[in-house]
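Next come two complexes built around subunit A: one with subunit B, the other with subunit C.
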Partner chain A sequence: MSNHTDAVRARAKQLLESGEVTRVIGHARGTTPYRSRPHFASSPEQTDALIHDVSCGSNLAVYVSKPKERVAVIAKGCDARSLATIIHEGQAERGNVLILGVSCEGKLDEGRLLRKLDFPPRQVKSVREEGDEVVVEGPAGDVRLPRDDVIMVNCTYCRARTPAVSDELIGEPVPPREEADQYPDLGGLDAMSEAGRAEFWRAQFEKCIRCYACRNACPSCFCPECFVDEYHPQWALHGGGQFRGNWMWNVGRAQHLAGRCSACGSCQRGCPVDIPLMLLNRWMERATNQAFDHLAGMSEQQKQLAALFRKSEAKASEHG
Partner chain B sequence: MDRLKILKSRLPDWLGKLRAQAAVYAPVERAGVTCFARLAPGDEPQLDYGNTDTPLKEVLFPQTECLITWQRTPEGLQVQEVDTSEPTVIFGARPCDVTGLRFLDRAFRLGGIEDPYWVRRRDKTTVISLVCPHPVPGCFGPSAGVNETSPEGADVVLTDIGSAYVVEVKSEQGQAAVDLASDAFTSAAEEDLIAAREAGETLLAELAEQAIDLEEPEARAKAFLQSPAWEQVWNRCLSCGICAFLCPTCHCFDICDQSCRGGGERIRCYDTCSSKIYTKQAGGHNARPTAKERLTQRVMHKFSYGPERLGVLGCVGCGRCRRCPVDIDLQLELSRVEVKEPV
Partner chain C sequence: MAEQQVAEAPAEQQATAAEWRPTLLAYLCNWCSYAGANLAGASRMPYDASIRVIRVPCSGRVDPLMIYKAFERGADGVLVGGCHLGDCHYSEGNYACQGRMALVKALLAAAGIEEKRFRLEWISASEGSIFQAVVNEMSEQLRELGPFELK
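Presenting the complex of A and B:
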């Protein structure tokens, strides 16, 4: 069960009333029962709209950008990983961020959920979790679906269902998924030849419309000027619908996130043309995890991957 | 004009004849996404789609298009204009997307100044629209002024009546497209026309359940920008380009020169007012430094400047902008705002 709405509201209200923080960044109900939206509470009254349930997937760390006063963030494990990473990278003072951790067993993938329903989306009345199921109230009563079938695929191999970094925890701790270190999601790519993988990604990247939702939804993409927007030099051809520039953009984005990605899936969730970006991110994560024994944001002390050097890294060469 | 009909089994004959004369763009699936793409011989259009993920506009206003190329040669700089326009048929476009072309037709000819790249493609294009057999989730076309059964701007309109389509020919260009395969069409019987009318009535009745109130768009836009909801909306905007790039009427573009090894090309590609660098000027000043100013521009252009300058709403109710990663639904926000009587 991960409906923490009441606890989140109560704690957020306390924090604002006492003046410990100036703002609480959380989620509110979106336009449908299966959607949430980021919500900013700056007064105790504004905490009434806060929710935290299975629909609250988007990574809220993206709204933490050098805060001048203390803010609280309702943080799932992945949000907390992102916060730890960007704090380490100088994007916020640790003292200015109160990490209000929430335990999490996975958040909805809207597309996966709606494909499972045999009625129009507007007839969804409510969505809730019961045990290992997501229960959708539709026109003819409840539809019970296994949670793993309707949450983001990246949630099914989450290693931070209980935030590894937080100031407080809401909800009982949940152990990490065993699949996390085995990368079952990469099996399909592994089975392909190098040429097959190139073909797979060509078809995916050709679709890219260069809206940069993947970048803008990502807490780790905080550069004031992104390489793809630079004209002098111009790193990637501008404009969507053409392969060369799209390849440069998508590969460049993934590489800049190597060792920095919290596996929240916000990039993939945002993508309007369904490019499976998490496959790319997880591919990078496996490489950096196996070569350098490094995972982003799993502790406050850990250094950034690019700032690490250990003698044992000699083994890195074995991984190309 | 007499109403015609064409059996679905004869559709490939018509498409074959069209393709012999023109580039035919129709809905197809590419790596899990539906879009309008050029049919190659043997390609079947996917006509049972809800709505394409990417909008029709990209056929006439490509995401990226090359305008000129150049090459340095011993004789000097060789500059070549690029014109890839050709006789084109758009087949199976939804009424909302067709109505979007109306906005673009006006925008790209505003004040008598023609955008040559749009005009040269548009003038060679015949539009064959396909009425939605079922309401697409999230569609509010009628609320945005779309004629869902006979859209303005279509040359031919097809309505699904089961084994056949009832065919409405709306222009001379449309007649020419039908005449290419005249033996594939028959006169529509009275019962066919009744079936088409009933299909349209059923569709409109079902769409009424998804309707939203967009009357007085200018007053709504202004009221929304003063409402308490507005602060939450701009605070959460991520400044990406989804809403603009998927919108059938957004048409901002950037032009840049890209050179490599003594040659290069001048391209134009989509741009969006929500992007941080859209209004960044030489010297670094940014006239719209935050999402607040940028999203204000979007709201006002869609619902105030558009109607004022072009006479039509900058929205056709397709609902694609609801792919917003942070659940910003401007139309819904506007429909909920209280419009006060002018003092």
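Presenting the complex of A and C:
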């Protein structure tokens, strides 16, 4: 069960009443029962809108940008990984972020959920979790679906179901998924030939409309000017539909997220044309994990990946 | 001599399909590999004219994007040359390069670009013959692989 709404509300109210934090960043109900939106509570009354259930998938670390006063963030394991990473990269002072960790067993993938239903999305009355099932209340009563069938695919191999870095924890600790280190999601790419992979990505990147939703959703994409927006040099040709420019953007993006991605899946969730961006991110995570023993945001002491390239750090083992 | 080879390139690109010559883009560090290339030229060691050299102050200056951009702009292969580990003019630039290029290799593999199209080599200023061997070998491999297309 990962409906922590009551606990999250109570703790958020406490924090704001005592003045420990000036704001609590969490989720509120979105436009449908299976959607959530970010919610920023800066007074105790505003905490009533906070929720935390299976629909709260988006990564809230994206809203933490050099806060001047202390804020609390309701952080799933992946949000906490992102927070640890951006704090380390100087985007926030550790003392200004209270990481309110919540244990998590996976969050909904809207597309996967709706494809399992035989009634229109607007007839979904509520969504809740029971044991290992997600229960959708529809026009003809409850529909029970195994959780693994309707959560984000990246959640099914999550290594941070309990936040590795947090100030406090809401909910019982949940062990990491056993599949986390085996990278089953990469099996398809692994099995392909080089030409097959090139063909696969060609088909994917051709769809890209360069809306940069992936960039906007990503907590690690905080550069004031992204390489793709530079005109001199112009790294990636502008405009969607140009394969070469799209290729540069997606490859460059994966390169810049190597060793920094928290595997939250926000980029893929945000993608309007369903490019499986997590495949590239996870591919790079596997590479950095194997070559440098580095996993982003799994400990507070961790160095940045690029720091491990230095001679003096070359063989250092980081995460613990 | 190395510069002359580069200057001749445009005319050679006119070659017919049967004589297709790959484009091998090389980022060479100023202190070692570029000097190594220079030595190869000064010693009149012939090497494949497919190479196009861009001199960089240090192999640590090579941004991974510069490699992807080369492929995007139609290079058939990319070579990065730096000083041997421990010999970097800036102490640790080639270590930084080594780490970055490990990521580049991983990402190129994910994107389906053949391993042999990208190479990182340590070539010192005295190793003109190694420069010659690397360029010839890599050019030959690129000929076998054929043109790289990302259109």
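By definition in this document, the second predicted complex is superposed on the first by the 308 of 320 C-alpha atoms of A that agree within 3 Å, B and C clash if a C-alpha of one lies under 4 Å from a C-alpha of the other, contacts with A are read in each partner's own complex, and residues count from 1 in each chain.
By definition in this document, a contact is a pair of C-beta atoms (placed from the backbone, for glycine too) under 8 Å apart; a residue touches a chain by one contact, two chains touch by 3 or more.
The structure presented is a predicted model; accordingly, all values stated were derived computationally and were not measured.
By the document's definition of touching, of the two partners only subunit B reaches A:38; subunit C does not.
Contacts of A:183 after superposition on the shared chain: neither subunit B nor subunit C is touched.
Touch criterion met: A:292 reaches subunit C, while subunit B stays clear of it.
When the two complexes are superposed on chain A, none of the residues of subunit A touches both subunit B and subunit C. Across the complex, subunit C meets subunit A through its residues 64-65, 68-69, 72, 85, 91-92, 95-96, 98-100, 102-104, 106-107, 109-115, 150-151.
Of all residues in subunit A, those touching subunit B in their complex are 28, 30-31, 35-40, 58, 62-63, 120-122, 203-204, 206-207, 209-213, 215-217, 229, 231, 234, 237-242, 245, 266, 269-270, 272-274.
Contacts from subunit A toward subunit C in the complex involve residues 189, 192-201, 227, 233, 235-236, 243-244, 247-248, 251-252, 254-255, 258-259, 279-280, 283-284, 287-288, 291-292, 305-306, 308-312, 314. On the subunit B side of its complex with subunit A, the touching residues are 30-33, 53-54, 58, 62-64, 135, 137-138, 209-210, 232, 235-236, 238-242, 244-246, 254, 256, 258, 267-270, 272, 275, 277, 322-323, 325-329, 332.
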